[in-house]
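Same chain, two partners: subunit A is paired with subunit B first, then with subunit C.
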Partner chain A sequence: MKSNAPARQAGARGHRLAALLTDTFWGRLTLRATALAIVLIAWQMAGDDSVALLFPTATRTFQAFIELMADGRLPLGLLVTGQALLAGFAIIIGIGVPLGILIARFPLVDRTVSPYFTFLVAVPIIAIVPVVQALLGLTFAARVTVIVLFGISYVVINSAIAVRRVKPELIEMAASFGARRLAILTQVVLPAAVPGIMTGARLALGQALIGMVVAELTIVGAGVGSLIAELQGRFKVAAVLAVAMTIVLIGLCLLSLVEMLERRLNRWSLTK
Partner chain B sequence: MSGLLRQAGQWLNPPFLISLAMLAIVWEFAGRSADILTLPPLSAVLAAFVRLWSSGVLTAPLLDSTIALLTGLAISLFVGSAVGIAIGLSRVADVALGPFIKAGLSAPMIAFVPVFMMIFGIGSETRIATVIAFSIFVVATNAATAVRSTDPALLEMARSFGAGRWRILGEIRLPAGAPYFLAGLRLGVARGIKGLINGEVLIAIMGMGGLVKKYGTVFSMDQLYAVILLIVLYAAIWVGAVTLLGRLVLTERRK
Partner chain C sequence: MNANATPAIAVQDVSKFFVSADGRRTRALDKVNLAVERGEFVSIIGPSGCGKTTMLKMVGGILDWDEGSISVMGAPVSGPGPERATVFQSFALLPWMTVLDNAAFGLKMRGETKAARHAKARNLLETVGLADFANAYPGELSGGMQQRVGLARALAVSPNVLLMDEPFSAIDAQTRLILQTELLDVWSQTDLSVLFITHAMDEAVFLSDRVVIMGARPGHVTDVIDIDLPRPRTEETRRDPRFVELTARVWDRLRGLMTDERAGAPS
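On to the complex of A and B.
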């Protein structure tokens, strides 16, 4: 038994270190910074800059990013692409939420319309893109349509579920106090359904971002899609990777923004 | 079984079928009367589907795509589960790797497809990489949840009987987490198929996605719609099959 003691002591020390790393703010920060550093170093070592077509190192990618930012092509492309995303997301929310509410309130609408949206969730939308392109051409409208197709079903389905889950007692109570249907909808049902609707909005944003990239790459316009196509044509892997990482990081920022809003509104919904 | 019936009920209800039939009729007449290039009548699309299917043009791409999908999914399941189990078991791994997994789960990974294309070339590796990028994070997330979801009382009991870490993992945590693993499999397959088709359309010369690109570029609309129909059926059959498999495994276990 005695020979075991040092080992057990070391084990206990290991546990304490692990607890320090995972349970305190600075410990977590250190651990995450280390993990990020390891990833970056591994990337740097996996990269090979001798030939332009090989997987680029982190530094070469960052250089390419700086160049693209400095000559203004990346910001411009992102601006143009962002317009399509903004328009698409506005349409997704503007049509998706009311449609979800209709589905929740009227069984006939639910039965008629819902299957189409379940279908849209299951299907690889990119397969429909050539149809959109044939109908609308290489236009802004075509790109917005692709984004809407990617995201809208998540908002519709989640809004419908959220509205359906509102406690009937709440509605009955409001009705017994003589509230009109519209008042019940805007003052009772919607506030209670906001968290679910926001979840749908977050999922839809994630899909809309995918749709944005798909639209850019297939229905080439003036945005990052044409930038990628051009860089690809000149075999600049580092630059393409830099653009891709920029898109991904911006996407993640937007998603965390919506997630923050979601949490805020959750609290607001509880106090209502 | 009731779940299955309910699911079928969503599709086989009269209002939906009526709306579908009306849509089909409008499509057919619009396609026939207005001689629009982009909208062939429904009957022409179905005819094209039958023609393509029986001529065997679809068989090779279908097989080709399936092999790429299975390869990518196998790697995703293996690596994703391993990483997920590590995250579920160790707080340190969770804190260190968690942010990357979460980021990968929601980030538009499709932005990397052009990079894959340049590094791996216009070959099967690019598709497989896309399938992995789309599916691995959801598998890892569900594997982590699966290992964490074990009843603490069971763990306590196993420990008091002197079971080691690995026996606890193999005999208690993994079986108890089966529903989450299956959910991960289902979501992974659903996402993997999207990744496959996305990759193929962007690569433009391989598999079913390549056919979409091919017929789309030459405005051969009836054939384009037929291939889209095939892809939709393909995705639906896969997801349906995996869902069914999950239900069977779970009911078998409950007995």
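On to the complex of A and C.
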């Protein structure tokens, strides 16, 4: 390093700045904050607050947000909606991962249940929502079901692929040291499949978030969906936008949380 | 010494069939006989597909056979056992575990406590020269180093019999020569019996007390060549005229099998 020419050092400094921005947490935060600021300014200029029905500026939307937070309607709505998301995602992981493993290990399970999940991926789930509503009514269970339908196939399919891809020689190795089926599953197959399962979980979360909104807007729920419907009925455009944006932002936060977890758990699979 | 009466590995008239996807039964091994005496180093060499791996897996207890009998240390084989350990061609290390945990993996499967297995694994990492890499991950090591971990993992369970399936074939030629010498060093300090599969004739001759030559379609033993080179074997051994002569003899026997294979190929 010390023997480098000054010019090359300057170049290296430039590279290091770029690396700092993309490779460190605070660097990435700075990048994102800058991009956000640009978007907010553009929004502010595009908005028009002279008439309540026109596209609101960023500040009017933020005011609406504060009001909704202050009177407690938005937090309550988010809580109710969040419950459905949480329950749905828990079911997606809790059923999806074991099912994926079973599909990968037992051809009989594969042949009997796999087609349904292929179907779920291929078909627009929105088309099935009325069926769910007819079966379960305007209930919490109906909303959870929609969320599960949106997300579960991604976890099932990715888990199955991940388990199938586990190198047979690793399983043979464990068996040669006397490992039983259960030990092979917990010590070799599952850890080896974690990266694939995490990918499935991330994709499923994205889909579950869509499912959550769809459920809220079609199966009128007690959560943010009914809040939006009510605000829309009273032409509170800024408030509707505030609610929608809050949902989007929370969704983005959840997704990056899962992405972070995925990166942490997958460190070894990236080194080799 | 009754124990010395039985060989470390005894394979008697073993045949193995595989059923292919179209339902045809093909004979992979035909009445194979093989014995590895206690403390002996025996290599198997033979054309690709002649059933070497199949046989090693059967001795290791992770594959069934159809006819004949296999016993290890005097006891019939009915699955994997604590007296056997295998070293794999592809290393078969778990990439999410540290080198130390990989070396301790066999002991973990045998239910040893963390403290006990780490102590033993550390010891063996020392033996294979990887003490400083205990906390590294396999992905950070070269192939030669990874196979040293594989060897440490096998030795950690204190086996009587070491089964090695082309352990050095994925390793560069120079490192390979060094690993051969290291393996002999470790082996000479123990009473290990080794069954070693290889495609390299010089490797088979350099390491072994006997070289077993197998032919294909179906797999069978065609020759056993005694390697009467003195031990300890060193780099000098590789220049010994007798070494060259024995390697040539192995090639003579093998070449016959390879041309057989070529002639038989169209059928």
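We take it that the second predicted complex is superposed on the first by the 232 of 272 C-alpha atoms of A that agree within 3 Å, B and C clash if a C-alpha of one lies under 4 Å from a C-alpha of the other, contacts with A are read in each partner's own complex, and residues count from 1 in each chain.
Everything that follows uses one rule, which is that a residue touches a chain if its C-beta (ideal position, glycine included) is under 8 Å from a C-beta of that chain, and two chains touch if they have at least 3 such contacts.
This one's a predicted model, so the numbers in the text were calculated from it and none came from an experiment.
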Greater subunit A contact set [subunit C / subunit B]: B
Contacts of A:255 with subunit B and subunit C, given as first, second, both or neither: first
First, second, both or neither for A:72, with subunit B first and subunit C second: neither
Contacts of A:233 with subunit B and subunit C, given as first, second, both or neither: neither
Contacts of A:123 with subunit B and subunit C, given as first, second, both or neither: first
Touched partner set for A:18, first subunit B, second subunit C, both or neither: first
Partner chain(s) touched by A:173 [first = subunit B, second = subunit C, both, neither]: second
Common interface residues of subunit A - those touching subunit B in one complex and subunit C in the other: none
Sites on subunit B touched by subunit A in the complex: 10-11, 13-16, 18-19, 37-38, 90-92, 94-97, 99-100, 103, 106-115, 117-119, 190, 193-194, 196-198, 201-202, 209, 212-213, 215-217, 219, 221, 224-225, 227-228, 231-232, 235-236, 239
Subunit C residues touching subunit A - in the complex, by the definition given at the top: 57, 60-62, 79-82, 84-86, 88, 90, 92, 94-96, 105-106, 108-110, 137-140, 157
Subunit A residues within the subunit C interface of the complex: 167, 169-170, 172-179, 183, 187-188, 191-192, 194, 268-269, 271-272
Partner subunit B, residues of subunit A touching it in the complex: 18, 21-22, 28, 31-32, 34-35, 39, 53-55, 108, 111-115, 118-119, 122-124, 126-131, 133-135, 206, 209-210, 212-214, 217-218, 228, 232, 235, 237, 240-241, 243-245, 247-248, 251-252, 255
